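Per-chain residue numbering starts at 1, and chain names A, B, C, D, E and F are given in the order in which the chains are listed.
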Amino acid sequence: RFGLAEKEDQIGVVTGLAYTSVGGELLSIEALRLPGKGRMKTTGKLGDVMKESIDAASSYVRSISPQLGIKPPQFERWDIHVHVPEGATPKDGPSAGLAMVTSIVSVLTQIPVRKDIAMTGEVTLRGNALAIGGLKEKLLAALRGGVKTVLIPQENEKDLPEIPDNVKQGLEIIPVSHVSEVLEHALVRKPEPVEWDEAAEEAAAAAAAAKAGGEAGSSATAH
Amino acid sequence: RFGLAEKEDQIGVVTGLAYTSVGGELLSIEALRLPGKGRMKTTGKLGDVMKESIDAASSYVRSISPQLGIKPPQFERWDIHVHVPEGATPKDGPSAGLAMVTSIVSVLTQIPVRKDIAMTGEVTLRGNALAIGGLKEKLLAALRGGVKTVLIPQENEKDLPEIPDNVKQGLEIIPVSHVSEVLEHALVRKPEPVEWDEAAEEAAAAAAAAKAGGEAGSSATAH
Amino acid sequence: RFGLAEKEDQIGVVTGLAYTSVGGELLSIEALRLPGKGRMKTTGKLGDVMKESIDAASSYVRSISPQLGIKPPQFERWDIHVHVPEGATPKDGPSAGLAMVTSIVSVLTQIPVRKDIAMTGEVTLRGNALAIGGLKEKLLAALRGGVKTVLIPQENEKDLPEIPDNVKQGLEIIPVSHVSEVLEHALVRKPEPVEWDEAAEEAAAAAAAAKAGGEAGSSATAH
Amino acid sequence: RFGLAEKEDQIGVVTGLAYTSVGGELLSIEALRLPGKGRMKTTGKLGDVMKESIDAASSYVRSISPQLGIKPPQFERWDIHVHVPEGATPKDGPSAGLAMVTSIVSVLTQIPVRKDIAMTGEVTLRGNALAIGGLKEKLLAALRGGVKTVLIPQENEKDLPEIPDNVKQGLEIIPVSHVSEVLEHALVRKPEPVEWDEAAEEAAAAAAAAKAGGEAGSSATAH
Amino acid sequence: RFGLAEKEDQIGVVTGLAYTSVGGELLSIEALRLPGKGRMKTTGKLGDVMKESIDAASSYVRSISPQLGIKPPQFERWDIHVHVPEGATPKDGPSAGLAMVTSIVSVLTQIPVRKDIAMTGEVTLRGNALAIGGLKEKLLAALRGGVKTVLIPQENEKDLPEIPDNVKQGLEIIPVSHVSEVLEHALVRKPEPVEWDEAAEEAAAAAAAAKAGGEAGSSATAH
Amino acid sequence: RFGLAEKEDQIGVVTGLAYTSVGGELLSIEALRLPGKGRMKTTGKLGDVMKESIDAASSYVRSISPQLGIKPPQFERWDIHVHVPEGATPKDGPSAGLAMVTSIVSVLTQIPVRKDIAMTGEVTLRGNALAIGGLKEKLLAALRGGVKTVLIPQENEKDLPEIPDNVKQGLEIIPVSHVSEVLEHALVRKPEPVEWDEAAEEAAAAAAAAKAGGEAGSSATAH
């Protein structure tokens, strides 16, 4: 099944696009959410740059978590494992950043990812999409693998004239400049935001703690 | 006894299949469950890819733990040690993934593994079986070692025409596409699922904590 | 958008200036503040010297935190992630020190950084600005990228005579000798100091603890 | 005294057999039990394979601890230090596995090891003995060193015809296939098993905790 | 400002003397005390020997802390960061040991260091000063940089005859054999000792704990 | 002062003997005891073998701590720092083991080490002294440095005939086979043993805990 688009919408499974000396390839990215302590585990013979891009994706997701319906303290109760099969093939580079964000958002929100979409693009800590290399090879691999829609960084729009017409006809190519657009296209439904007023939460927690302490104190002296 | 199938059904002991420049070989994989803190230990001169495949196997098993009769918090009370003798021989690669999953499931459920079965196949975080190399050499080693049944990835069915007839006659070769099929064939009985409603458990825990806090509070103000 | 000044004032995003064998370049530095435990994470293929300059920037910022309106214990409740895109390009050296300080101060105070300013300069643990190399190339890159104002270390004023006149006319070049001047120019408003009398806080905490203990004790013996 | 059998039965001291390019050698293995936290320390310029064989030995011992009279939680209250003098000589390989198990069992049970016994053999996580190399050289070293009895893996029985007659006459050579046989021969007395019903212990602990919580709660509301 | 003596007395800033193939150089050493947990952070591209000399300096300072007015438990409430600018220049060697001690003592006691003093000398765990190399080059750099007084190890007095007369006239060169002499010359005032009777403190703490426990206990049984 | 015997009896300072290609040398070993958590720190550019010999020395000392007047739990309240000046000179090998033990025992018991004694010898986990190399060069360095007494391993007595007569006349050479003899000669007075019945202590602690729990419980239900 490798080298083909996914057969059904799945939670945490995203199709990325890799580019090697021998051409483009589909890259299946899998995230899993496990009961834990806020740790991030990565496997799949990933190079340092790809591991860092998972770190950046993870921090970005944490920074927008209320928009995803997740209160920040919940992060401390889960571990996330990101795996990129096939385990014996070395993978590296920052261009799976958008896919990493999508995969992590999907497992955290438990919203499936559309099965016939693929994506490529580096991501910044603010969720901006940065240009990638090997666009032609990646689009060819997407077409070959039965992908219908490909999200690419807006910064790569300048490379579209060099893409063969049959590729542009066979794929819906959507330039994006920010993760928000990626999630709109890739998730089967929109996450529901939750209110999170950090200052208010902190104040409430502090008040509760103070009250508990104070009462315990007054109890201790009163009876 | 090395190079031969196991003599009895054992908990945590699985026969994998390795493939080196000098041919195929049986690989005995041993897992042990110890009272602990959720740590994973691996020994046997394992390369990084094999260690990562144990990580992936372990995360997959955690993600399906209620189906195995294990409530997720129990993971924090055990350490798992996976050892691959012989300790002086370097081993690597992702193709023991299915065997790693089976071995870990066996020690966690305490259900023995059938003694005359061997298996090969990479595993993904979703439990899918991926193709491996060296199928012919691995099957020859299985036959030589007295194995009766071999589980191979469905993706490798395409390689079966190249396998000599005597090998195909001497072994029951079963293509599998997912861990669920592997466990059905390899374990001597089916694990019994347990109910685990994460949200409910959390709510219950929170309620209990709140009640304890509230009562302590009311006690403090009331008397 | 890379190689261009930022389009709007943003929290935690600072434009630095890099200098490589092929000339100067704008360097976008991003910091993010996340609920956490006082950890610092850095990504973007940073060399050891750049990582250490982030450490030094972070310690300096902690040492002046009351001037920024932040009580020291608050540091234990946040993680800071500093990322320098593009993730595949190796970056090193101490000359982004002033920019690192500015970025960290901005996320901690939530005060945006002026969009059309860039800066270069090593920073010491006392916030002093130290000289950097490649001033000409850096200023050229700033001009090219649409930057209006560039902060440089006073120690580099001696290099200004070698800078072409059109560069000096196109940019406001401001020599600085200390972080305090950098923050005045770079942040859109001044942070409001908070009082923090460490000894007083400690004494208060100790007194509170003692009182709690004492009362609990007297309660225990009195009723 | 090196190169000679021990002069008295000692707790935690086991004579192993090493095999190098210049012949066989006696290897004194020392374990010490210290008040601690369940940590394992190893010294003596040990290679990775020998360190892993100590890990495997340790996990095996933990897995059979009730048979040795040790309740698993006790492991968390001790550190074990395994040292192999002479500290400047590099040592490696898995063939001291049986000796490592014996040494660890001896310090944990405080039962001395017979002074005139030596042993060689790799150990698996299930306590099985695996074949080793250099049998002839090892037996010669044992004879030279005044050892009376040598335990060897049953898998090495096939090598006995090549051993010179004077060696076979001077030593009692005992093939073993499992650690249980090793301990019977090597320890001066048998460990006394203790009952350990893990599920029962857990249930008891949980009940105690629940009762404590419940009573505290009822106390809080009752008076 | 680098290569010049400090312009004012500062807390935690000490001028050391380095010696490279191209001559002597002033080395500005900066320490900062931050609210923390007793950790030591070092930056400035320091080699292993220089890092170890900071470790030794730190342990020595802890061992004499009551003489400095610091009760040992206070160490657990601070982190210390030692930075040696310029961050891109590799530095190594043990000869900044006396300067490290002085810098750490200054931040811990908050007593400034005299601005026109420089120093060189390895330090032992007992605070003894050991000889260093490159004395001539170091003294020349001190003179060039406007330093007035230089502390050197007494073991280096034997090298003074080789020092040019103008250097010896331009600098006050003071041989020292122990840190106590260094601190007398370098700090603007003497630290005030505090009494610390470890055994008494422990006994008091134990008694307090026992009393608290006992009272709680008697309370529990009495009413 | 390096290369000379110590001038006074000091706590934690021991003179070892090193042997390099250019001859023997005195090695000053310094240990310091600091309030802490049972950690061991080592500095002085020590190789792995010397670090391991410090580990072994430390474990041996812990194993005999009641004989030294130290109850094992006290180890958790101290850190020990072992430093071997001069910090820029690489040192390695196991032959300072006896000196390491002596230095650690001295700081833990606060009993000074005789100033005119030097020692060489590897140590095992049971405190046995093992043979070392370079005896002649080491004894020459001791004589040159003003040492009066040298402790050597009994296993090295066989090398004494090769030692020049003037060396044997100028030094008192004492062969030792165990640490107990070393401490008798090297410490200015004998440590006073303390009783430590591990089982009794544990039982007492458990009883105290049970009583505290039980009383709290009965209080909760009784009033």
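Keep this in mind: a contact is a pair of C-beta atoms (placed from the backbone, for glycine too) under 8 Å apart; a residue touches a chain by one contact, two chains touch by 3 or more.
Here the structure is a predicted model, which is why all the values come from computation and not from measurement.
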Practice item. Considering only mean CA positions as chain centres, point out the chain farthest from chain A. Key: F
Exercise for review: Can you grab the rotation angle between chain A and chain B? Superpose on CA, round to the nearest 5°.
Suggested key: 60
Exercise for review: Please compute the C-alpha centroid of chain A, do the same for chain C, then give the distance between them in whole Å.
Suggested key: 28
Revision key, fill the gap. Rounded to the nearest Å, the gap between Cα centres of chain A and chain E is 48
Revision key, fill the gap. Listed in rising order, chain B residues that touch 2 or more other chains are 216, 219, 223
Review point. Based on which chains are in contact, what kind of graph results: line, ring, star, complete or other?
Key: ring
Review point. From chain C, heading first to chain E, what order do the chains fall in as you go round?
Key: C, E, F, D, B, A
**Study point:** Footprint of chain A on chain B - complex, ascending
**Key:** 48-49, 52-53, 55-56, 59-60, 62-63, 72-73, 75, 93-94, 97, 122, 124-126, 128, 130-131, 155, 198, 213, 216-217, 219-221, 223
Revision key, fill the gap. In the complex, the residues of chain B that touch chain D are 1-2, 10, 12-13, 28, 30-32, 34-35, 41, 43-45, 81, 83, 85-88, 211-212, 215-216, 218-219, 223
